[in-house]
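In the two assemblies presented below, chain A is common to both, partnered first by chain B and then by chain C.
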Partner chain A sequence: MNDVREHEHELLYVYAVTRPFATALPDGVRGLDGKPPGLIEHRGLCAAVSRVPAEDFNAGPLRAHLEDLDWLGRTARTHEAVIAALATVTCPVPLRLATVCRDENGVRRLLDSGRARFVRAIERLDGRIEWGVKVYAQAQQPFPSRELDPPEPKAATGRDYLRRRLGERQSRDEIWRRAGALSRALHAELCDRAEAGRLHRPQNARLSGEPGENVLNAAYLVPLDRSEDFVAAIRDFIPHIEGVRVELTGPWAPYSFAGGPDDGHGQVDQASREGREEQ
Partner chain B sequence: MSSGDGEALAQREVALVDLLDRLLAGGVVITGDLTLRIADVDLVRIDLNALVSSVRAEVPSPFEEFQFGESEEPV
Partner chain C sequence: MASPARFPDAYPPDGSGANLADILERVLDKGIVIAGDIRINLLDIELLTIKLRLIVASIDKAKEMGIDWWEDDPALSTGARRRELARENDELKERIAALESARNAEAAEGAVREKRAASAKKEQGAVTDE
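Let's turn to the complex of A and B:
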C-alpha cells in the first residue's frame, strides 16, 4: 500500500468502500497514480484511494476530461481494475466514477456520513456478482419472412417497389416486436432467479459498435453459488429467433446494485418499466 | 463462449460502453460538499451524450463545485 500523506495540489480519488481486510491485494494492481491503491481505514470501514492531481480532477479540468473518450476510458478501466482486485479479497462497494475528496479527512467524513448506506450495501452485496444481459434487434438484409410474399427479383413497377419497401418495414417492425417480447419475458424470468434486477438505458449503437438496436440492457444481482445456474438458465431460455440476439456480460462486481433503492437510482420497479416505449 | 453470428448467447471481453453504464449510472453516489461528482452531462460532447445521459435522470443537481467547509484546512 502506498503512503497516503497529504500533498499540495493533490486530491484523493475513492474507488470503493470495503470492510477493513488483512489479505494483500493481488500483485500488479495499479491505481490512477500508477501505484497500488492506498487504503484508509476508519471506524470499521475502509476506502480504497489513489492520489490524483488536482489539475486533472478538480471540477473544471474534470469537466473537460469527461469530454475526452480516451481519458474517460482509461480512467474507467483503471477504476474497474482496482474494483476487480478488491473483489478477490473482500466485498467492495463501488463508488461512482470520479468520486474525489480533498484529503484524508474528507475521505473519513465520506465514510462517516455514508456509514449506514455502506454497511447495508456490504451486507446486501457480499458474495454476489452481477451479470449483464442485452437483447438486440437486427433486421436482416434482405429479411426472409414467412408473413410476406417471397421477394421479387426486380420491382417491375413503382407499385411493386413501394410494396416491397412496405414489406421491409413490416419485417423490421416484426423483429422489434419479437425482440421486445423476448426482452420482457427474459427480464421477468431473470428477475425471478436473481436477487435483484436493474434496467440500464439501451446503448447507442454508434458507441457500442454493436450491430442492431439494443432493446434490453439489464443487470442482475446473483449469489456467487447460483451464478452457474443463472447463466445456464439464460442459455436455456433463449429460443433462436431470427433477427434477435442476446448477449451476456460479466461477471461484474455489483456496480449496478451498489447504490441501492434508497439512493433513488437502484433497482427498478419492474412493473413501471414493463411498458417502456421501444423507441 | 464465442461471439459468432450463429451464437444465440455471446460473451465478450469488457466493452467500454458496458463499463461506463456501470460506472456512470451505477456505484454509490456521494452527495454533499466533500466530493466532486459527475453529473453535468450537458457539457459532455454529443458522442458521449447518449451514453451518459442516464446520469441526468438520476443525479438531480448539476456538477457541484468542489466545496469546502469554511474552516477546513488539510491536516
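Let's turn to the complex of A and C:
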C-alpha cells in the first residue's frame, strides 16, 4: 500500500492500534478485503488496516450499510477476528467498528490525534486479556409444585388457575434469586482475582441464541500469566444449582477496558444490572 | 519467567465460537472512539443513532435476528416503557378473564344446582380474602 494515488476509490479501515511488532500474524487471518491486514507504522505506533471500497465505506453508504444487519454482523465478525489475531502476538487497542480514513496520511493523523490515549491504553493493557463471564437463569420448566397443583389436569376454577400461576411465579422468582445471589458472589470473587471488572448490559436471548435469561454479563481484565488460574477459579467456584448456568467466553482482546475514564466507558454499568436483578 | 505466558485456549472450547451478541457488544459499544476522516453521526453520538435507526429502518429484521436489546433499555427507547405498560395490561386482562370465566362457570352451575353454586361462591370469597 505504497501508492495512495492508485487507490483513490478506496479507503482505509482501521481495526486497532498497537506498538510496532515483529511477530507474524497467525496464518489465515483475513480482513474486510479478504487479505491479511496491512500495518501502518508511525512514530512508535502501528495501525492495523484494510483497504475497503469507498462506495461501501464513505459516510453515506456506510450509514446505509449499518442498517443492514447482515452486513453489520459480517463486518463485526471480521473486525473481531482481525483484533483476535492481533491479540495473539501483541497488545491491540481496539477501535470502535467503522473507523475509516481516506489514506495513509489520514491514518497517521488518527495515530497522532489519539497518541496519548493509545499510549496510555497500551501501557495499561499490555500482557492482559479479557474473559467474559455470564450467568443465566433457566426457568423454562417451572418446578412441579405438587402441593399447589390441583388434582385435576386442568385448572377447573379461577382459584386453581391463580394458584398455579402463583406457583409458577414463585419457582421463577426462586431461580432468579439463586442466579442473582450466585452472580454477586461470583463477580466479587472474580474482581478480587482480576485486575479490573466491568458489568455489561444483560444480553437478549434471541440475539445470543443462549437458552435462559442472562442475569450477569461481566468482563474481567486478567494478566496472561494469571489467566490459567483465573479460568480454573471459575470452574472451581461454580456450584451446581438447578436452573442456573455459568458461561465463560474468551480470551478477548481487552475491548471492555480500552476506553479510559476520559472515554466515558470507565464507569461500571452497575445501574442496569441492579435494575435487571430487581425484576 | 521472562518468556511470555502461553496465549490461552479459547472458550467455549467446542469451537462453536463467540455468539453475535458477544461480538456486537464489544465492537459497537466498546473500544476507543476516535474520529477518522470519514465522519458518521453514530460515532459522534455514541451509537444511539444506529440503534434507533435500526429500529426504525428494519425493525422486523432486527426482531428476527434478535438485535433489539436497546428496545428494552428505557434510556434508549420510550418503547420500552410502553411495552412494560402493555405487558402489565395484558397480565391484568388475563387475570380478569380468569376471574370472569370462573364466575361464569359458577353462574351456569348455579342455574342447575343452586346449592353448589352458593358454596362455590363462598370459596371464591375465601380466595379473595387470602
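The rule is short, and it goes like this: the second predicted complex is superposed on the first by the 244 of 279 C-alpha atoms of A that agree within 3 Å, B and C clash if a C-alpha of one lies under 4 Å from a C-alpha of the other, contacts with A are read in each partner's own complex, and residues count from 1 in each chain.
We adopt the following convention: a residue touches a chain if its C-beta (ideal position, glycine included) is under 8 Å from a C-beta of that chain, and two chains touch if they have at least 3 such contacts.
Everything numeric in this text was worked out from a predicted model, so none of it was measured.
Per the definitions stated earlier, placing chain B and chain C onto a shared chain A by superposition produces a clash between them.
Once the two complexes are laid over each other on the shared chain, residue contacts for A:Glu228 go to chain C alone; chain B is not touched. By the document's definition of touching, of the two partners only chain B reaches A:Glu104; chain C does not.
By the touch criterion stated above, A:Arg77 is placed in contact with chain B and with chain C alike.
In the superposed pair of complexes, A:His240 makes contact with chain B only, with no contact to chain C. In the superposition on chain A, A:Thr157 makes contact with chain C only, not with chain B. Residue contacts after overlaying the shared chain place A:Leu95 against chain B and chain C alike.
Looking at chain A, you'll find residues 11, 14, 17, 57-59, 62-63, 66-67, 69, 72-73, 76-77, 79-80, 93-102, 106, 109-110, 113-114, 117-118, 121, 132, 200-201, 203-204, 206-209, 217, 247-249, 252, 255-256, 258-259, 263-265 touch chain B in one structure and chain C in the other.
On the side of chain A, the complex with chain C involves touching residues 11, 14, 17, 57-59, 62-63, 66-69, 72-73, 76-77, 79-80, 87-88, 93-102, 106, 109-110, 113-114, 117-118, 121, 127, 129, 131-132, 157-159, 161-162, 200-201, 203-210, 217, 223-225, 227-228, 231, 247-252, 255-256, 258-259, 263-265, 272. For chain C in complex with chain A, the touching residues are 4-5, 7-8, 10-12, 18-43, 46, 50, 53-54, 57-58, 61-63, 65-69, 72-73, 95, 98-99, 101-103, 105, 120, 123-124, 127. In the complex of the two chains, the chain B residues touching chain A come out as 1, 3, 8-12, 14-30, 32, 34-38, 40, 43-45, 47-48, 50-54, 58-59, 63-66, 68, 72, 74-75. Interface of chain A with chain B (complex): residues 6, 11, 14, 17, 57-59, 62-63, 66-67, 69, 72-73, 76-77, 79-80, 93-106, 109-110, 113-114, 117-118, 121, 130, 132, 200-201, 203-204, 206-209, 217, 219, 234-235, 238-240, 245-249, 252, 255-259, 263-265.
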